[in-house]
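The following pair of complexes shares a single chain, chain A, combined with chain B in the former and chain C in the latter.
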Partner chain A sequence: MSRTKPYSRTIPHPLFERLIVEDAMKEEKDSWKPERPHEYGYFPGCVDFMDVEVKFTHLNKGDADHASIAAASIKLLNYANIDPLVLDMNIFKCSGHDQLWQGQLEVFDALKEHNLRRLKESGIKIMTCSCAECYRTFAVDYDLPNTLGIKVEHVTQTLQGRGLKFKAPEDVTVAYHDPCRLGRMMGEFEAPRDLIQLVDGAKMVELENNKERALCCGVSSMMYCNDATKAVRRKRLDQGTDAGIDIMLGGCPKCYMHMQCMLNEERMNPEEGHHHDYEMMDLMQFLVACLEEGN
Partner chain B sequence: MSEQGATELIGDYQDEQIDLDTVSKLEHREDHSVLEAELVKGEPLYPHELTRDAVLSMYVMALFFFLSAFVPPPLHGAADPTAGTAFPPPLPDWYLLWAFGCLKAAWDIEFTIFGYHFFLMTAKVWGTLVQGMIIGLVVAVPFIDKAIGAFIDPQYGDVVNRGHERRPIEDPVRAAIGVYGIAIVIMLSIYSINANIAIYYPEINTKVLAMVTLFGPLGCALITYLFLDRRRSEGAKPLNDEERFDLYVDGIKDRRMQRIYEFKLNRCYQCGLCDDICPVRDMEGEYELNIIYNTFQNEHDGVAMWSCITCGMCTAVCPQNIEYVDYVLEQRALTTSGASS
Partner chain C sequence: MAEIDKNFMTTYQKVATHDGEDEPIQIWAKDSDSYGGVGTDKLGIWGSVVAVDFDICVADGACIDACPVDVFEWIDTPEHPASDKKAIMTREPDCIVCKACEEVCPVTAVLITDPADIGTGTESAETVTEEVSAEAPSETVVEAPIAMTSDNTALFFHKPNKWLNRAKDVLNKEELPSTGIEKAKDMFKGIRKQTLDSLPRGKDYLALVDNEKCIGCTQCVYFCNFASIDMISWDLMARTSQFESKKALILEDTCTGCTLCVFACPVEAITMEAKT
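Take a look at the complex of A and B:
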């Protein structure tokens, strides 16, 4: 028993949690109408909130830019000739995934009610999310296909099979980290891999545990960040080192956030002797970096 | 040492090992040395296993001596070589009836092409070869699997490491072939005793039996495939409200299920794959457990409700497709209902 640091609850950030609960419980009765009709709607999720949270915790240097995932997704959708209606936090609320999985059913129901009302008003046919957790929540827990007749897609599924072309600035070896919500729960393993295959100059390798047996990033639904969950994450990062990759790609902003947090922590404390010599990126960020000139 | 009994010694040893294991895991947890934490537990060869095996061997030998000395085998009268053939003819043991059926069902393979008569195989040779082919097919199944995997997906053709579908519902074709094999063995066994059947049921003659042997297994395989394929097309969907209500009603009727997911957890047959794969148990576990089974027994000592990272790996490996994560989700909602308002 040589524990020097006690367990500490670093996430969810108390302020962040309070913000979402406060936001959920505030009823908004006013109606809203988009300026023009859209077929596609894009839901960026809480990436802006996450930026706030990550910048104010002591663990990060604050260089994680989650909002760029949303910007990258919109850019890629435009590149694929899709003009999405951006369902951002001014109009919508958080999808409520974390609240649902933390057991806060009242908060989730309030968020769901608001979002369903806004979705009816928006008049979209297909909804696409860059976040695997939002994707699962809208498809399964909101049950949008059956209740409102709106098809829910992950952004990789939307971009798949549209004849896009990418070119990596330099030759890189990448590996795809399956988010549990996208992979195991929604059964989508191939769409992100197909997109990575489109990138000219990127060699894709598989991590030791992949697809159905992919390891988790360790922090689901922002429950805790303690030694045990960090060990899960480190195991995953070690598999990346074993595979000899330059970039690990994730399909979920939460995976990106937690992995990036751990990599930063390791770089800030080199005396602990853990080091992983690669970067974590979201798939959307990577694809935007690989867009050819002139697009 | 010699004063201690063997049982006491083994018990002490195991306790010591478990303590060492726990301490070392706790010590290493700070370093996150996941890969080093896997210590091998077990009993040593000497003296435990050696002594146990020696005692058991002596006991069996003693039993043999006792039986051969005091219970000699009975001897029947001498066989009569001049006796005629018995009718109905004597049959082989029941587990060899299918082979006998193969011999009976085989026919001479001969055919005529352009006026030339070819005689390929007699029924005896052909019937014997078929038995070998059936056994050979059973032996070859893993290799065929691997070859098919390598053909379909050359990059990840290593079926052995990657694993393949375990649930019949996910591979109806293979399941149908298996059902066909079982059915044909049973039908061949029945076909082989046609003479005995004809004594008691004259209407079931050899012709009828031959038709049933030919088409019965095919029908079984077809039914299996259609049933599994329909189930697969339904897919693994979350329960809707009506199904949940039905489960509740059934539970109240049977006085067994207090919670809806107990019905699903009840399918667990304790193979322990969930425990092997669970990342939380990998980091925190000290003893072998069975997550789903223990939860079903209302012992939340597998993965504590709030430690579960809901990654769904247990469901991915579960042969019964038990959605443990849905259960955790529901329990969390029940536990904290009313807390956040």
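Take a look at the complex of A and C:
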């Protein structure tokens, strides 16, 4: 593949970007059928690919663990007595969110066509995603509720109101960072907060800007990370320090990636004098860490 | 799948040596019975700085393609079940510890150890340190920056994320459906090889940054194993359409032409150019 492709002002990583495009353009005509019928389908999205990517490229020094978001979501769905059909990358393809927002409509259409065909074959009634971007893409851009009659949920909405119980191993102060796709675009602010409230021993505080007025992680759809976007991210992280939190929780793997990247960068350059003494985690990872023994 | 034992220098014994171009290649095995010599099915681990587990090696040649300084060569090993030839580290002292081979190996048979890290504590490894330090003078320029990098790493891991570790502990306890990570690994290896093939690399080449394209994301700085990339503030004078004040600068003295920064760059601002 040529390396001279003009990328305009996007910041997709060459390997990751090319991988998704290559996967999208490979036509698969054979049919597929799940082993048994499922009501729920769980779409992990590209977290596995991102995980391999950050390990391959030494991004985050291998510290970020995206694959565990998918594993944690499946574990929590099982804990809520849901047996989801895992719509993984062996059968499905990337939802195409980044490609759509970067303007690569041709790639997005190819991904959408493949995923819609597979969804028809899967026979699921409700689709749940741990990624806020996939959730928005399936609900709005694929318009699944109207085209295939499949209800789309974020995993926090699926887990909400199922009488789950969690206990934190130690007292901890957390804050929830609203991802743009889940909060401001899809209007879901309460489900993740309700889940955090279920955790015994975790004190939830609100950041200065929250819900509709939340600040962005700075990078949307893997486009363009620079001084300006880093300033936005640093402002958000400063609000966490002001609130005195131990962990910042997010509902989107991309928020997790960008925030953790910034925290790591600051720790590697202490001479610049920016430091935030807490960690970024995905809500699913936090809830799994708070599962009581024997579950 | 089996992979190379990361502690082989302490748990394995030295059983034999094989001729390399300049220095002999150390061969390690669990005990003298588990090494049968070339032509048998028991080969053990070859090499110290560049260690390849010949019992796992499937001879797909990825390391030979990836190496920017041509450390590897083929050696025939008839009668071995995994493959009938292996990648031997003939020019092991040339290794620049870029770890490109480690990352491309499809069966995780390669382990690169920084010569500076060999011989911490154990008796058996001390002799290796001497061997390595014998060819150290030519590498002194390289070694000082490496120490700087490992300082940063120590600082970086100062505070482990105990909550993430807790989550991983819970998840490790049970078997959950796989979610396509094996497919992702294979695809990454394939596309990485494709890109490597399209790049000129080695000691005669140098990485160059295009300031117009550089967005100052610092990914190349983390990726470089030789600390030969620096972020330089050009103030407002060099601000480009990318709205960034800091740009990457490659230090010619220490750049070894290993192409790793080209992989790291998200906007393809780095190219490999022939040294003049």
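Throughout what follows, the second predicted complex is superposed on the first by the 280 of 295 C-alpha atoms of A that agree within 3 Å, B and C clash if a C-alpha of one lies under 4 Å from a C-alpha of the other, contacts with A are read in each partner's own complex, and residues count from 1 in each chain.
To be clear about the criterion, a contact is a pair of C-beta atoms (placed from the backbone, for glycine too) under 8 Å apart; a residue touches a chain by one contact, two chains touch by 3 or more.
Because the structure is predicted, anything quoted here is derived from the model rather than measured.
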Point to revise | chain C versus chain B on the shared chain A, clash or fit after superposition | key: fit
Practice item. Once the structures are superposed on A, label A:A231 by its partner contacts, choosing first (chain B), second (chain C), both or neither. Key: first
Exercise for review: Using the superposition on chain A described above, determine whether A:D88 touches chain B (first), chain C (second), both, or neither.
Suggested key: second
Check your understanding: After superposition on the shared chain, which partner residues are touched by A:K125: those of chain B (first), chain C (second), both, or neither?
Key -> neither
Practice item. Pick one for A:K26: touches chain B only (first), chain C only (second), both, or neither. Key: neither
Review point. Does chain C touch more residues of chain A than chain B does, or is it the other way round?
Key: C
Check your understanding: Does the superposition put A:A71 against chain B (first), chain C (second), both, or neither?
Key -> second
Check your understanding: Is A:D48 touching the first partner chain B, the second partner chain C, both, or neither of them?
Key -> second
Review point. Is A:Q104 in contact with chain B, with chain C, with both, or with neither (first, second, both, neither)?
Key: first
Point to revise | Closest approach of chain C to chain B (Cα atoms, Å) | key: 6
Check your understanding: Shared contact residues on chain A for chain B and chain C?
Key -> 1, 3, 224, 227-228
Study note, to complete from the structure: In the complex, chain B touches chain A at residues 23, 26-27, 29-30, 32, 34-35, 156, 238, 277, 279-280, 282-284, 306-307, 309-313, 315-317, 325, 329, 332-341
Check your understanding: Which residues, counting only chain C, touch chain A once they are in their complex?
Key -> 103, 152-153, 155-159, 161, 163-164, 166-168, 170-171, 174, 176-181, 183-185, 187-188, 191-192, 194-195, 198, 215-219, 222-223, 242-246, 263-268
Review point. Residues of chain A touching chain B in their complex?
Key: 1-4, 21, 99-107, 140, 180, 184-185, 206, 212-213, 215-216, 218-221, 223-224, 227-232, 234-235, 238, 274
Review point. Which positions of chain A touch chain C when the two form their complex?
Key: 1, 3, 7, 11-15, 18-19, 22-23, 44, 47-49, 51-53, 56-59, 61, 63, 65, 67-68, 70-72, 74-75, 86, 88-90, 169, 172, 224-228, 247, 264-265, 267-268, 270, 279, 281, 285-286, 288-289, 291
